[in-house]
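Look for subunit A in each of the two complexes below; its partner is subunit B in the first and subunit C in the second.
This part shows the complex of A and B:
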């Protein structure tokens, strides 16, 4: 077997545009799902009573349905109900956010619940309001404790963007598959894609872990 | 907008068979990936240094790759490398096993490492051999801690089997999308697909929650 990696160098801009879309989709869906997850968790923890079962149903449903199904449904079925057309990128962003926000919400909830209730009671006794307690007592500790889980969520996000290739988002996975099919050199192309994904993902998990070790003392109580 | 849900009922046999394949894939993958995971974890912990490094590289590589890429890779590259004409099902199974083994190996390693060293030392002070200490002191406790993690890997795996649809394995996602393409009942079929996954996955997710409470670590 001999390898000819010129197929990579000849199509660098083609693959590069895929990498750019993968990064863009990862950053955008990572951010939106984080924000959405925060709100979902706050609704679950502090929201009105009637809302809680709905929030739990949403979170557990997302844990039960594959991302692929969410993405395909968002891209092909949602426009039929909603009567709007969406670009694949938009559909992927919405689908990934809806899916990952549930996971983010669980992380936030676990972080908040890890702060001993005695602290909230003590703060109440000192005359703080609910909002003050969340902002000044619970969140500063909980946020630090959530860091490692958010790190792995970010790496899951990057991995899940590869599934958007199924709804024709022209990200790295899709471009690699196209190029592999056209050039008949799948070994070279997929090896390159593997290398790129590894280089994107490995520093994320390691970086977050290292950052956490530096700030972990802030989360102790 | 008119919907025709009878299309789902008409294709119930195909959907049932496909659901069967999804479940079969989940069981088969886990059945292979648990022993393989234990083996890789053991290599990482106790083997000769170069072998240890190799096992670590394997685990780190596959934990940091999107599964869908591994599936495509297995589909295109495995036949060239091995010279075998594998069926899509076998290829999908291989990709899933490669992925889940890496996760399981990490789980087992973490489980074994979570047992304080003092316990092994105490066991050896009582005259047990290292192997005895591992089998009778470390593993029984480690397995208890590992159960919830294995369960959530199981749920992830159940969902990830949908990814082998891209190489035409006739599991639930692939078959549902095929029927969608033939009948043009897009919304009905995709919703039915989501509903079937939900019906199967929801109890599993709840079971994981229960196991996490049941096997919570107390030392």
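This part shows the complex of A and C:
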């Protein structure tokens, strides 16, 4: 079997645009899902009582429904219901955020609940208010404890962007499929795609791990 | 039973009453943790609460600054009943320092920032003023050189001294110690007890839950012996340790191997 990797070098800008879209979608959906997940967790932990069942329903349903289904629904069904047109990229960003925010929320909640109650008691004994305790004592420690789980979530986010190919977002996977179909060289093209995903993810997961090892003691009470 | 606070042998009973417990009852579900506690703490006194584990000593301490609510009786602090309102309770807590068995230093803050946290966040001092006060308190407990260290880089005894400095930085009227040396290695217990002794010598009012009988005997002005949620005997250390009037006190002390 002969391999001809000129198909890659000849179409670098085509594949490069896919890589750029993948990175952009990863960074945007990673950021929005973290922010949204943070607020969802705050609602679940400290929100009004009536809101909690709704938050739990949201989290449970997002954990039960495949991300592919969420993306397809967001792209094909949501525009009809909401009466708006939406680009594939926008639909992917919304779908991924809604899906991943549920996981982010559970990470935040677990992080907050893992901070020992004695820390809050010590802060109460100093005369601090509940809000001050959350902001200045519990959350900083919880954030450190959440780092490894956030690292995993970030890698899942980058990988999940490949699913956006089914709603025609021109990201790396979609561009690879197109190129593989036209060139009849799926081995070279998809191997390249695999390599690129690996090269994007590896530094992220390793970087988070190394950073966590340096700051872990700040969350250890 | 000698439940009422007889004042004989109480050298500092002339001072104003800082904390007054009357008939304090605390329940956890069906379990009665405190069944009618009567006790006075006067200004400048070191009152030691001793007794077996689970007898209610730590519970009483937590009720004192409102970390736990009480189901019956009264706790007065400086002549006023403990408020129920959270905001008013916070104001009271700023005047009571508390030290925990497990230190509970904030791991994400340096020793200096731990001590400065209360003045900064609660008393709303400027950073410079809070840090100046924190430095002074760290120096007081002999840890000026550890100011930039995080708790993870400190020994247990050092962490507990920082915790004492953190409480002192609020300039409290009374210090509550909840088994401050129980989680420490034997070789670091002494450094913490020395700091507490120094505080007592300076006239700080202190309520100390402890299993350190030598400390209670030497530093305590008044000893309350707890058993099953009651004070079975209270009196000056000479009475409790040399001539206990109740069987329960004798039992407890002999179990600890106390020989006077």
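Basically, the second predicted complex is superposed on the first by the 221 of 221 C-alpha atoms of A that agree within 3 Å, B and C clash if a C-alpha of one lies under 4 Å from a C-alpha of the other, contacts with A are read in each partner's own complex, and residues count from 1 in each chain.
Everything that follows uses one rule, which is that a residue touches a chain if its C-beta (ideal position, glycine included) is under 8 Å from a C-beta of that chain, and two chains touch if they have at least 3 such contacts.
What you see is a predicted model, and the numbers here were worked out from it, not measured in a lab.
Upon superposition of the two complexes on subunit A, no clash is found between subunit B and subunit C, which fit side by side. Of the two partner chains placed by the overlay, only subunit B lies in contact with A:166; subunit C stays clear of it.
In the superposition on chain A, contact of A:180 is made with subunit B only, not with subunit C.
Across the overlaid complexes, the C-alpha centre of subunit A sees subunit B and subunit C at an angle of 100°, to the nearest 10.
After overlaying the two complexes on the shared chain, residue contacts for A:213 are found with neither subunit B nor subunit C. By the touch criterion defined above, A:124 lies against subunit C but remains apart from subunit B after alignment on the C-alpha atoms of chain A. Residue contacts after overlaying the shared chain place A:194 against subunit B, while subunit C stays out of touching range. When the two complexes are superposed, the chain touching more residues of subunit A, out of subunit B and subunit C, is B. By the touch criterion stated above, A:63 is placed in contact with subunit B alone, subunit C being left untouched. The least CA distance from subunit B to subunit C in the superposed model is 20 Å. Put simply, subunit A uses no single residue to touch subunit B in one complex and subunit C in the other. Chain contact summary for the complex, subunit A toward subunit B: residues 1, 60-61, 63-70, 72-73, 76-77, 80-81, 155, 158-163, 165-166, 173, 176-177, 180, 186-187, 190, 193-194, 197-198, 201-202, 205. Interface residues of subunit A, counted against subunit C in their complex, comprise 118-119, 121-129, 132, 136-137, 140-141, 144, 217-221.
In the complex of the two chains, the subunit C residues touching subunit A come out as 65, 67, 86, 90-91, 93-94, 96-98, 100, 102, 104-108, 117-118, 121-122, 150, 152, 163, 166-167, 170. Across the complex, subunit B meets subunit A through its residues 1, 60-61, 64-69, 72-73, 76-77, 80-81, 155, 159-163, 165-166, 173, 177, 180, 186-187, 190-191, 193-194, 197-198, 200-202, 204-206.
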